[in-house]
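Each of the two complexes below includes chain A, the first together with chain B, the second together with chain C.
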Partner chain A sequence: MIRSLFGNGRFRLSFSLIALIVVTALVGPRLDDRNPLFAVGGRYDEPSSQIWLGTDAIGNDVFLQLMHGLGTSLYIGLVAGVVATLIGVAIGTLSGYIGGLLDEILMGFTNILITVPTIVILVLLSVALQNRSTLLLGVIIGVTSWPWTARAVRAQTSSLKTREHVDVAKLSGAGTFGVIMREILPYMMSYVVMAFVLQLSSGVLNEAGLSLLGLGPSQSISLGKMLQSALQGEALRTGAYWAILPQTILLSVIAFSLLLLQSSLDEFFNPRLRRR
Partner chain B sequence: MKQIRTLTLLAAAFLGVAAAQNPPRDETLYITGHQWGPPSSFNPVGPVRAWPVNEGGGFNLIYESLFTFNLVTGELDPRLGASLEEGEDAFVVTLQEGTAFQDGEPLTSEDVVYAYELGQRQGVEYASFWDYVTAVEATDERTITFTLNQERLNLGLVRNFLTSVAILPEHIWSGLEEQEASLVQFANLEPVGSGPYTLSSANNERIILERAPDYWGEAVYGLPAPTYLVHPIFASNDAANLAFSQGQLDLSQNFIPEVWTLAEQGEPISTWMDEEPYYLPGNIPMMWINVSKPGLDNPAVRRALAYTINYPLIAETAMSSYSVPVNASLIVPGGGEDPYFDPEAIAETGWTFDPNRAVEILEGELGAQKGDDGIYVLPDGTRLGPWEVSAPYGWTDWNQALEIVASSAQAVGIDIKTNFPEQSVWQTNMQNGNFDLAMNTASGTSAAAPWPRFRDVLDIRGVPEAGQTAFWNYGRYENPEVAELLDQAAAAPPEEQGQFYAQLDEIFRTDIPVIPLMYRPLQFYTFDSAVWKNFPTAENPYAPPMHSQSGVQVFFNITSEAE
Partner chain C sequence: MNPFGRYLLNKLFWYLLAFVAAMALNFFLPRLIPGNPVDAIVSQMAQGGGASGEAMQRVYDTYIVEFGLDKSPLEQFISYLGNLFRGDLGTSLGNYPTSVNSLIGAALPWTLALQLPTILLGWILGNILGALAAYKGGWVDRGAFLGSLAFSSIPYYGLAILLLYTFAVALPWFPTGGAYGFASSPSWTWGFIADAFRHYLLPFLSLLLVVIGGQAIGMRSMAIYELGADYVGYERSLGLREPRIVRGIFRNAMLPQITGLALSIGALAGGALITEIVFSYPGLGTVLFDAIRQNDYPVIQGVTMLITVAVLAANFLVDLTYGLIDPRIRTAHGAGA
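Up next, the complex of A and B:
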């Protein structure tokens, strides 16, 4: 199975990109233990052999910030992805499997949340919280972005629950929880994994969006905060491309490789999509 | 299909309306940098006010003051007042001929008396005026006598009040005083003043002023050139600066990093001076310390904090090299206050960026120990932080300065976090004493400087307890020695004031109720002469580089290209 997965070119490309990014995020900060929030130079010093990507508006090392910020952004994305997927799967399976009034209530709630733009809830939640740790920010992003996953999982569950093996399990005395865990979830694991990958990507991008509005994690550096600092410091207008391009490119690469990964997984799990 | 057509028509109609709201470009001056959030009040005596009443009568656009302060000459220029006679017992002001309000009612000395006496009845910003003046009387219809309080003589400050208090129409405000439970909370959305402009409209995007039809001052000052003044509301400097660099704005008070690059990019954008430092220094943005917070109530902690901050970095980056690194003094070097500036005293008892000295104070003098998280804890168990330092969101120069403060303090082991709320939130919290650390200026260069700055930082008189609005000494610092020194300085002739300022500066360096962070101009003064010509510059200084006060003359002297 793994071999056939790696036989897919798109999977190989996206997997290598993600592996490279994750390894950089894990290893990068350990190679250089200076605090990325402490200045090393002046305003927008140009890239040099000592400071590879120059400095930002307040003299911080852009390369060092990139190494540390990458990890923060991925961490927030990961927390957001896990939280959103867990909530989405829990609500989706319960709603789809039990049905009836509970289904109406849960899906009604989900639909209401879908109509409200996520960014609005995110902004309100973030403003209300005085101290936004990276973990908390991930959780906040997670609890606002599960509705689509819940809807899709519910649809899958409603179809899976009419299968014979589910009836067999029920007849042999399995409870609701047991049936969901053993007879429903394993059959849509491929879907859940793909949903998780997408949530991961939107988590990273949501962090960037929030940070851009000045609502990023307190006392730490992330790719979004680097973007905000570059905008506020007017890097673009004053021609300091090195302070705005690296994080922009990195964010795009993360989003791109995760989407590519998701689509290659889709191809793998859905044989009908496979190209001959 | 029909639906689509209807929609298109609707859209076109909306666009048409939007276009109609845009005043003609060649009759409009776009100004920026004075309003950062939705305007909620045009009450010149309220606590939180929108442009152009945010300096009381200081802008002289809707409401006017008696005189205006001229940063370049250091003198008062006439506005509603024609002349000022300064006696030992009293100031006598004579009004210009024909002064009138925008509703046609004449503006007489009775209105002036009413505006000042409001300070006796209401908690307005200039209530402390009555500490220095015992009576304001209308000698006749055009003459007002300000009797000075001989116990607390302060000529400079009284002069200041003549340039900041908005003269209100008594026939409107005396009625309001009876109707409104609290006059200072009144929003005043249809202001009637005596100035050359009226409020045309205000919303979350912009404030539009329109030239008043019958300005009383036409015979004296002529009429201002722009038919409309528009202040678009930008949430942050970078947004405003982008619009400015694209020629959408004419006059900017925003902090623009590397301002010289704008001219290189082709827009006809200039500053007061065409070389460094580009602007005239006139103020000291500083970090106010809430001296009632555990930890921050200890002067040695405050001293250690002062040593942690990287002042040269702030000057180079956050201030874009428009000024030298700040000194441990409340006096602005250069300009009118320079004679009082004492580098030797600063070197002896002041501080500079020196993290090692901060550690010495913390560990040696205070016996603090570093916790596992790298933050110092005092022997009594008080952890140095987390403390929040705040400035309004979008004030990018201040935001960057505070990022440097936070990281400088963290590097040594004091836990400071930045917080950038909306301007009105920051201001309310600061005035009510609901903060740990907050960045703000004290009084800038004025007719009375540096006296008001020492008062702002050190004087507890006239400052209500936390929870109520304070207009100075936000940290509620108290020192019994201060009052007498301030009063002596105020009463002394200029050549003898220096000794008192030296002592007050010494008290500031000992107790450190604020930490100066940078020097900045009184107002940033950058203009684009694509639409309007003849802005004043250092070579053509017919008006000072100010937007308010004597800067109002700019609007009367610029000319439109079309002419």
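Up next, the complex of A and C:
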């Protein structure tokens, strides 16, 4: 199975890109123990052999910030992805498996959250919670983005629960929780993995979006906050491309490779999407 | 009741619930901020200097009454609802005594001018591109798919920054921001319209490309799915002409795309607001950004409220269209869809 996955060019490309990004985020900050929030030069110094990507508006080393910011952004995306996937799977399986009134209530709640624009909930939550650690920001993003996953998981669950092995398990006395964990979840693992990949990507992007609105993580550097300070510092208009393009390109590459990964997994698990 | 009426009523019920939920969030979340929001703002203003102690006290009292902080939470909520239904969004704290209505009113036309055309045009062009890619296959498909994937996965602000850098800084063809030049002021003259158009093109294009990409991907996979459906083989074996088959396929693939439009409007609105910030476009996104920076809660609440209402209304319109188009809902003989 693994080998045939790697036979897919899109999967190979996206997997290598993501591996490279994750390794950079893990190793990068350890190669250089200087504080990324400590100025090393003047305003928008050009890239040089010492300062590879120049400095930003307040003289910080852009490359050093990028190494640290990448990790923060991925961490926030990971927390958001895990939180959203867990809530989505819990609500989706319960709603689909138990059905009836509980299903109506949970799906009603889910649909309401889908209809209210995410940005509105994100902004209001972030405004209300003034001191946002990276963990809290990840949780905020996670609790606003699970409804899609819940809906998809519910659809899967209600079709899976009519299978015979589920009946067999129920007849042999398994409880609701046991059936969901052993007879339902393993059969839709591919969906859950794909949903998680999408949530991860939207988590990273949502962090940057919130940071651009001025609602980024307090007291830490992330790709989004770098973007925001570069925009506020007029990096583009003063021609300091090195202070704004790296994080923009990095965010785009992260999003692109995660989406490509998701679409290659989708084709792998759903042969119907391949051309006949 | 006929199926269409029932469908509409059901939709209306859910939108109403979503609206109430959003209103409750809008009211309660900013009140979770520890301490009295007015304290923070007044102390901020006092640091700025300028106003005397007595003037500060007057501002403080005005704010307390304005916010209704001297009343119980329930009374506050009721008066909040009352004001809302009268269309009164309150007074800005950051730009006192400008009303939130006039701040939003000045920004709204720019936002609408940016969002409405990009959503409609992007949806139409995206569907055509996706359908073409699915039908033609080969390199057309590969190129269109990878291109669409790239444009739809690049975040709005990312594409905005790349376009801004390429076409306004590296190649100084377009202005670097704003909705019109510093020298001109809004008027219905050709000079101003031409100037505004030059400022409009880059933000417009950056949003349009993202919408096209997203819609093309959806349409492509729907159309590929339909192309492989059994009825297509059946029609072919009956000897139906190709154009007729293709029309049927795309009509079937369109239906989910209409729902897709409804579902993406919220995300689009959010992305467009952030795009405005990149281009310093004087729309709602910029107003929201300034309000967040100044802890201007009435303005934040006003903008989030307006976005919610606009997105819910747009969704409802799309659902209405869907109900009119989908034969299962339209006809009275429908199977209770």
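Note that in this section the second predicted complex is superposed on the first by the 272 of 276 C-alpha atoms of A that agree within 3 Å, B and C clash if a C-alpha of one lies under 4 Å from a C-alpha of the other, contacts with A are read in each partner's own complex, and residues count from 1 in each chain.
Just so we're on the same page, a contact is a pair of C-beta atoms (placed from the backbone, for glycine too) under 8 Å apart; a residue touches a chain by one contact, two chains touch by 3 or more.
These numbers were taken from a predicted model, which means no experiment stands behind them.
Aligning the shared chain A places chain B and chain C in steric conflict.
Of the two partner chains placed by the overlay, only chain B lies in contact with A:N35; chain C stays clear of it. In the overlay built on the shared chain, the residue A:I98 is in contact with neither chain B nor chain C. When both complexes are overlaid on chain A, the residue A:A169 reaches neither chain B nor chain C.
By the document's definition of touching, both partners, chain B and chain C, reach A:G214. Judged by the touch definition given at the top, the superposed model places A:V143 against neither chain B nor chain C.
Between chain B and chain C, it is C that contacts the larger number of residues in chain A. Of the two partner chains placed around the shared chain by superposition, chain B and chain C are both touched by A:R237. Of the two partner chains, neither chain B nor chain C is touched by A:L13.
Only one of the stretches 7-15, 97-105, 241-249 or 313-321 belonging to chain C has C-alpha atoms clashing with chain B in the superposition, and it is 97-105.
Judged by the document's definition of touching, chain A residues 130, 214, 231, 237, 239 lie at the interface with chain B and also at the interface with chain C.
Interface of chain A with chain B (complex): residues 35, 37-39, 42-43, 57-59, 130-131, 214, 218-219, 231-234, 237-239. Residues 14-15, 17-18, 21-22, 25-26, 29-34, 137, 149-150, 152-155, 157-159, 161-162, 164-165, 168-170, 176-177, 221, 224-225, 228, 263, 266-267, 269-271, 273-274, 277-278, 288-289, 292-293, 297, 300, 304, 307-308, 311-312, 315 of chain C touch chain A in their complex.
The part of chain A that touches chain C in the complex is made up of residues 108, 111-121, 123-125, 127-130, 201, 205, 208-209, 212-215, 227, 231, 236-237, 239, 241, 244-245, 248-249, 251-252, 255-256, 258-260, 263, 272-273, 275-276. Contacts from chain B toward chain A in the complex involve residues 236-238, 241-242, 245, 256-258, 261, 310, 313, 316-318, 320-321, 386, 388, 393, 396, 399-400, 403-404, 406-407, 410-411, 417-420.
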